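Both complexes shown next keep chain A, but they swap its partner, so chain B is in the first and chain C is in the second.
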Partner chain A sequence: MRVTQGCFSFLPDLTDADIRTQVQYCIDKGWAVNIEFTDDPHPRNTYWEMWSLPAFDVKDAAPIMLELDACRKVHGGRKYIRLSGFDSTHGWESVRISFLVGRPQEEPGFILTRNEGGGQAIQYTLQARPLPGASA
Partner chain B sequence: MAEPLTPVPAPGETAIDLHKELAETQVAEVLDELDRELVGLAPVKTRIREIAALLVVDRVRRRMGLTAETPTLHMSFTGNPGTGKTTVALRMAEILYKLGYIRRGHLVSVTRDDLVGQYIGHTAPKTKEVLKKAMGGVLFIDEAYYLYRPENERDYGQEAIEILLQVMENQRDDLVVIFAGYADRMDKFFRANPGFRSRIAHHIDFPDYTDAELMAIGEMMLKSLSYHFDAGGAAAFRDYIAARRKQPHFANARSIRNALDRMRMRQANRHFAHPGLVTLDDLTTITAEDVRASRVFNQDATKPD
Partner chain C sequence: MNVLDKKSPPGGKRSRYAAGVMEYREMGYWQPDYEPKDTDILAVFRVTPQDGVDPIEAAAAVAGESSTATWTVVWTDRLTACEKYRAKCYRVDPVPNAPGSYFAFIAYDLDLFEPGSIANLSASIIGNVFGFKPLKALRLEDMRFPVAYVKTFQGPATGIVVERERLDKFGRPLLGATVKPKLGLSGRNYGRVVYEALKGGLDFTKDDENINSQPFMHWRDRFLYCMEAVAKAEAATGETKGTYLNVTAATMEDMYERADFAKQLGSVIVMIDLVVGYTAIQSMAKWARRNDVILHLHRAGHSTYTRQKAHGVSFRVIAKWMRLAGVDHIHAGTVVGKLEGDPNNVRGYYDICREDFNPVALEHGIFFDQHWASLNKLMPVASGGIHAGQMHQLIDLLGEDCVLQFGGGTIGHPMGIAAGATANRVALEAMIFARNAGRDLRAEGQQILEDAAKHCLPLRQALETWKDVTFNYTSTDTPDFVPTATPGF
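Here is the complex of A and B:
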């Protein structure tokens, strides 16, 4: 199952040239670009792991692309990787853009569990299926 | 029919007007500005024009498929303090940007403390952080020789040097490094670290300014602040330059800038000390009195200003 989330998610996967262009756009807007990865692509999972530090003060996309390469060497094809642009200006102080730049080779998708509660109540829970090779 | 050995230029590009090429990049403007706004420095200006010419030709050759490699652009600026190295480096960043050799054109100026850490494992991230900030522009390393401390074989500077060498070689598209400092120490530094020497394409030497040049620099600085010398003030400042040069910690144009700051302060205090109204002329004029009160004229001056 091909996970879609964040910006551009219904487009084909971005090429590195596309990614570089987006990163430069974020930098030119003054946003700090972050690289994050996770094995839990649940849309409500806000706790992705950070790769290196958020890049404040860079002027060019090159250092982000280098870190992204480094991140891919470790997690590429195994985890979901995304970039986000954080706007620290007063009043915003939040993520302005976020998009996937890497996904596992095999995407097991989600599992829907049905919990039967008291009375006739049924509760549905969506959970990411463990990625192949995940330890947990 | 045999393939031509060198690729032929694009149609309509059998002959190239280098001057037009230069004009298109707007580098000529930066070069002219450099001539206008910086006093003296004739050999430096010539070298920069030569480098710019080389790069314009290289650009054309790349477009015509005669070469594909990014040329090595790392440089070393040697000279005494206050001879304009930092100022020229800023212009160099602008030139490289306009010619398309760097993508952003900013300059990140650092010294040893910005690159080298205090404990094990601290240096690499620090150096890399600086390199990231400089990417797309120019990294200016002032007094670069402090990175190398042979007397301490465990010095963390060595780690920064190795990272720098690697990036200078492998990421020539991403940033240009300019080393700056005293000529003799820089020479020793390069001899001890031959890796740098082979990666640096251009060495530019910044001569000390003559007294007349320092006078012109002083007048220019004053003018930009809407001040000027009267005749007596100018004569006094000429004497000041001659005297200041012989004293310790003389730093060429920087000493001039600092001296002018003091003189403006004395001028302000002089106006307060005298009762009465001041005119526009009073407010903009630096007189002999403002200059000659300097400790530089005091024979046993220990702290020059």
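Here is the complex of A and C:
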């Protein structure tokens, strides 16, 4: 399966040149760019591991692309990696864009568990299958 | 001095409280020198007096009949601080290019209104006065609410920011589709449409306004099968998915029962129709905040009073009331789709939903500055006759903080529902990517779509199927401050 979280999962995987355009967009908007990774792509897993602190005062995409390279050297092909842009202006103070820039080579997907509790109603539980080769 | 103001009739003024009938303008409802206070609620009406009725007197009558007055002098006014409680018409302007119609600006003291009640507000402002015989027609065009009054309302239960955080979806419009046919599907068949559309790439599916609990599908069946579809689509994609379960029902108790069941099944969102009434809407908004559920409002019925320019209530007023009342989603027009929506007016509605402050923008139909005092933002929904081939126009006109609903444009796809959903999602993502990368959507939109379709067969088919579909009609309801009616797209 293919996890389709983020802004651009229905497009062909982004090249570095593609990623650079979106990073520059964030910088031009005054947003802080953040690199995060995880081995648990559950849609309600909010807090992915931060690769470093968000880049608050960067004026150019180049240093962020270097950080992304460094992150990929460790986690590339084994974990999910995402970039996000954070807007600190009043009324937002939240993520304004988020997209995947790395995936495990094999995406094992999710287990959907149906808990029957009497009657017709079912309580659904979603759990990400463990990624191959990724330790917790 | 107002150009329309006439001198008082000769013969001198009679005593203000002498019994009998007196012109409204003489009773204190016309005060051209009044300076509206920051704490006043302001309204602007389009007034069309009967032939021979003086426009100032007509405007003063609107102020009177929407506040303290009745048709004759009453001595009991003198038991009150009546100067304070009288609404004051302070300005009357002729409507540009519309002989016989006037904009009447009226100020209402804050103490005339119960805090936090749209029912009370609307009972005053649009209660009796719209049937007043000396007027041919009357339309409430816009209102200004002071911050002190705004703060008595909850506002959107969830708001755009927290909705996005809860769904984990940022930086692009959300995608939805209304299940079709609107009526007749069984619960089991209905859930099939939901599953295909969500699995194919939509974020939401939606019940239509008139799907409640009919013989062919009782509401519990729909909820059970829809939530099976939602859970399965989440597992297939790793994304949070939602379906707007319509909890509109005959009584408030029924609505709470349905909403509680939706929440118990794990739905992130429920929906109601505008026809449930302002009080029920506010009750559901409080329920939604209490229960961490997003509240979608379908504006069913609004065109009966918003569409015609001469008489009724402008949709911009309804949008303001609904942001106060506390819904999270509101249908606010598409510009390019099948339903009424002048581009400049629609821009005004979207600004009312999403901005912290609306400055006067007569070209967008906004007559007053409005501070929203940190009330949550309300997500506008574009729905009705839109398809993937219009994606560049939609994003250019409506921005990214909205829901784009492609009903027929998803379910009518030649290769099926999931393919239709995928076509829309690919078109959307390609367009957002291109916009962020600095491309000009107006000039290059068509090319961006065609390039995206090279790697997506369903998008290619969608573009081919609907390439010539446009709804190019001139709008009925247009701003008065542009020289000519705005052409359709």
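Criterion: the second predicted complex is superposed on the first by the 129 of 136 C-alpha atoms of A that agree within 3 Å, B and C clash if a C-alpha of one lies under 4 Å from a C-alpha of the other, contacts with A are read in each partner's own complex, and residues count from 1 in each chain.
The rule is short, and it goes like this: a residue touches a chain if its C-beta (ideal position, glycine included) is under 8 Å from a C-beta of that chain, and two chains touch if they have at least 3 such contacts.
Note that the coordinates shown come from a computational prediction; the quantities given were computed from them, not determined experimentally.
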Checklist entry - For the three-chain model obtained by superposing on chain A, do chain B and chain C clash or fit? => result fit
Next on the checklist: Tell me the contact category for A:D57 with respect to chain B and chain C: first, second, both or neither.
Outcome noted: first
Item to check | Partner with the higher number of touched chain A residues, chain C or chain B | outcome: C
Checklist entry - When the two complexes are placed on top of each other via chain A, what is the minimal CA separation of chain B and chain C in Å? => result 16
Checklist entry - Common interface residues of chain A with chain B and chain C? => result none
Checklist entry - Which chain A residues qualify as touching chain C in the complex? => result 1, 3-5, 7-12, 18, 21-22, 25, 41-44, 46, 84-85, 90-99, 109-112, 114, 120-124, 126, 128
Next on the checklist: Applying the document's contact rule, which stretches of chain B touch chain A when the two form their complex?
Outcome noted: 103-104, 106, 129, 131-133, 135-137, 171, 173-174
Item to check | Residues of chain A touching chain B in the complex | outcome: 53, 55, 57-63, 66
Checklist outcome for this item: Counting only contacts in the complex, chain C reaches chain A at residues 161, 164-165, 168, 170-172, 201, 220, 224, 227-228, 231-232, 234-240, 261, 264-266, 356, 374, 377, 422, 425-426, 429-430, 432-433, 436-438, 452, 455-456
